[in-house]
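The letters A, B, C and D name the chains in turn, as written, and every chain counts its residues from 1.
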Amino acid sequence: MFGKGLFTGLGITLKRMLGPNITEFYPEEMPNLPPRTRSSMGLDPEKCISCNMCANACPNKVITITSEKGESNKKVLKSYRMDVGRCLFCGLCTEACPTGALHVTQQFENAIYEADELKWDMIERAGKSRGRGEQA
Amino acid sequence: MGLERTEELSLNMGPQHPSMHGVFRMVVTFDGEVITKIEPKVGYLHRGLEKLAESRTYTQFIPYTDRLDYLSAPHNNMAYVQTVEKLMGVQLPERAEYLRVIFAELARIASHLVFIASTALDMAGWTAWTYCFRDRERILDLFEMSAGSRLTVNAMRIGGFNRDVPPEFWPALKSFLDDLPEMMEEYFGIFYGNEIVMARLKSVGILPKELAENLSITGPVLRASGVQYDVRKAEPYGIYDRFDFEVPVRYGCDSYDRTLLRLDEIRESGKILRQAMRDIPEGPVTAKVSKIIKPPAGEVYHRVENPKGELGFYIVSDGSPKPARVRIRSGTFINIQMLPIVALGWKIQDLIAIFATLDAVLGEVDK
Amino acid sequence: MGNKEILRQRVEELAAKVSGEVEELSGVLILKVKGAYLSETLSAAKSFPDVPCDFLHDMTALDLKDHFEVVYQLSSLHGPQRLRVKGTVDREHPVVNSVTRLWRGANFLEREAYDMFGIEFKGHPNLKRIYLWDDFEGYPLRKDYVTESLEERSVVLPLKKGE
Amino acid sequence: MNALNQLPLNIAAAIRSLFGDPHSIWADLTMDIISIILVIVLIVLAALILILLERKVAGWTSQRPGPNRLGPHGWFQTIADALKLMGKEDVTPAGADRLMFKIAPMIMFALPMMTLAVIPYGHGMAPIRLNLGIVYYLAISAVSTLALLMAGWSSNNKYSLLGGMRAVAQMISYEIPLVFSLLGVVMITQTFNLSQIVADQHTIPFIVLQPLAFVVYLIAGVAEVNRAPFDLVEADQEVVAGPFTEYTGLRWGLFFLGEYGNMTAVAALTTTMFLGGWQGPAILPGYVWFFLKVGIIIFFQMWVRWTFPRIRIDHLMGLAWKVLLPLSILNIFLTGVGIYIYQLIVPRIGG
């Protein structure tokens, strides 16, 4: 019958109007992200052995590592930079890491004001997040 | 007073237009509101993926395939990694094959939900749009908990998966499948069953079968024109030959059938998901592949049934760790050619509706 | 006789006619012909008796350093037959006949091949660049196309004060 | 209760009594200025509330809370939006017909002011008492099409032009059933005076006697205010924003105010003609009843908007010419027959 579909639609919207809403109130309630979420990368500088495997795995040459030879001929990490402006957040670098030094974190509020801030100094960031008492 | 000729009006729709699904652009010539000519222009989202592939290793190109048809990223992953696996002759463990089917069918449902949503939105059905996105969210949550990302999933690797899905994946998937029939009823009630929608879509934008075949149309658009052809049945890839499902087909050739066919496909995908969930064995999810992937010299063309059309990868290898040529045959890029032919003689509103039923994703059109 | 054998027979007959070579690679028949014979080959393949390869699945080109190859992936919606037709094209004057008269769907594909490789398709209704802008120089998917370096590409213009 | 009911009238009388002669020209002038200001305040208030309500309804239908940042439950959101609109740059596109471009939003805003001025809000509370109230109302409300066409034509934008042309095409088709559907009520009451019509509904609202006309008027009224599913004029998926595409800041805000004012006016006329206006059980003052009924009609319009997709323009014309017009003519015929039978029978049985 003509008009039946129209009234069904009105019924559905009325039902939803009276029902509960499903909004997450984001800034007040932080979302509970699963541990695999690739929101940003975090580095554990003590674990890093400067093997450069993450830099090689990266499809877009985001990661640059410099290291120097320390005592007993072991490489010591000097700087670890990520140019996040080019990052695809694919997580291939964290998969390549043999020691688990580089890992994904659920910190997703990465918005910044200046383009220069897109060049992350991972060692500095690791110190900061430790200062905030988060998981390093 | 003789017959007066009205002046034609040429209108540039897009790349910034509310209903152009991204950055599609067309120059439309109208006589009054009746379309006399359409010139589609693409390329505003062209990133040169085929060229990028030539300077990446085989593994490094996987995240780029996410960016093709970004509404069903697992399909693109699957098409690409299966092509490379075919080139190398890798045999996958059973569990990985099942997981691939589960990911692909979930992505198909998610993509079709976006289709219903955007078609409704192009006809100003705002609320139907939010309902579809509400339910798609649950699929994205499943992707997020298992692969770590919602849209650019990057789930598959050459030789399977990088890790198994977490245990909480299965109850969430089950509850989604249980709610699926109810959701589809709601979409039908608010969108498909609405008389305004029927009046606007029925017998609008007829794509006859012969024209569809001649234009190399694939996917749901082809099936809505009365051709029962699905790569999953015609040339089963992965383990699709083990599942019992129908290939939905409709014979109306019009926009309404193209829209309704997506709902049928959601139903069939639900069926496949239930079977896969029932049959999936325990075991590893990664085959033994060497760290550096170096397929032997040769070439392979492999295609999968993407929700938008057939997605084909033609990879030519010269034996080095980087592909010599990666050709992406994307469904909507070819499907979009029907627009200037089919929409002639209809009005602006019909043009919007016909374009919506094509389900074009510009990431795939522009590569 | 199975579908595959019939197809093989037809392809070999055709190959003899257009002086092409037939080979089989991972289960797919490949017919290699000279570029000049392409349109004849394709229209014959489209109307093979019993096993028509009447669905143009994909069309692309390959750069093999000394020459180009135009690759057509043919299949059918009504049978399992698949055929790959390759036409060798001279690198200096890459011209082949358009197949838009056989398959209207080849329109965008040929424009893309023209855009990316500079192969000209004679008889195409509207042979213009499709992805790139009209005055773009060079053909990006040719192997000798030089891409700009990463440093050049990732220059970020500094933000001016007050912007 | 009676005191509350008569409160506006008493205030009016008090103001008049400030003058030496309560019916001097100065007293009348002051009262008229006060009424006009009240109508403007009504439109602005209605727009402020309705815009928020619209967004809330949109939110509720899609299981969201709607605007919820500014003030309690987001109730100050519209005020912030209005302030933002005032702060925006006023852009006139190059090649625009400047005079028309600038006049169009003012016309759009003036119309609901003129139509709402003849509506009786309570007993004896019509700002202007016109004997030809309905005719005046219909004549004025049709002018909004002119404003839309002016805006569309003068913007020098093809989308705007298409939108403006659509407005005209749409007006031609819905205006006739709209007028015809009101004729039934006029036939019963034998007057064009809105106050008299409300008074005649003392025993029974005309929705009971004229259900067909009510439905026709409701549908045509939605078309008149260009709301979904008949919002072809500003169909943003097709013609971006129609005539409003090129407008910015306060000019655009005036269109918006005018649109919501028109919506209120249509709902007010529906209430007056079919729902018994300010008549209602004496538990509430008359003007409260009036606004309650207006609110229900507006809520219905919003509910429809957030449920239905947009109709196609030729379907709208088909609906207006092939369905609504015959229905409204049928309604006139039935009303005539009904009145004839009533007049034939009632005197004989001594009613």
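Quick note on the criterion: a contact is a pair of C-beta atoms (placed from the backbone, for glycine too) under 8 Å apart; a residue touches a chain by one contact, two chains touch by 3 or more.
Remember, it's a predicted structure, so these values are computed and weren't measured experimentally.
For chain B, the chain whose average C-alpha position is most distant is D.
When the C-beta contacts at A-D and at A-B are tallied, the pair with the greater total is A-B. Centroid to centroid, with C-alpha atoms defining each point, chain C and chain D lie 62 Å apart.
Averaged C-alpha coordinates put the centre of chain A at 52 Å from the centre of chain D. Centre-to-centre spacing of chain A and chain B amounts to 27 Å, using the average Cα coordinate of each chain.
Averaging C-alpha coordinates per chain places the centre of chain A 41 Å away from that of chain C.
With touch defined as above, chain C holds no residue shared between interfaces to two or more other chains. Annotation for chain D: residues 61-64, 306-308 touch two or more other chains. In chain B, the residues touching two or more other chains are 127, 131, 134, 190, 194, 196-197. Residues 9, 11, 17-19, 33, 120-128, 130-131, 134, 190-191, 194, 196-197, 199-200, 347-350, 352 of chain B are the ones touching chain D in the complex. Interface residues of chain B, counted against chain A in their complex, comprise 56-57, 59-64, 66, 127, 131, 134, 144-149, 152, 154, 162, 166, 186, 189-190, 193-198. The touching residues of chain C, counted against chain B in their complex, run 25-26, 28, 54-58, 60, 62-63, 71, 73, 77, 80, 84, 103-109, 112, 116, 130-133, 140-141, 145, 147.
Looking at the complex, you find that chain A touches chain D at residues 6, 9-10, 12-14, 16-17, 19-23. Of all the residues in chain B, the ones that touch chain C in their complex are 42-43, 46, 48, 50-51, 55, 86, 211, 213-217, 222, 227, 229, 234-235, 298-301, 303, 310, 312, 314, 316, 325, 327, 329, 333-334, 336-337, 341, 366-367.
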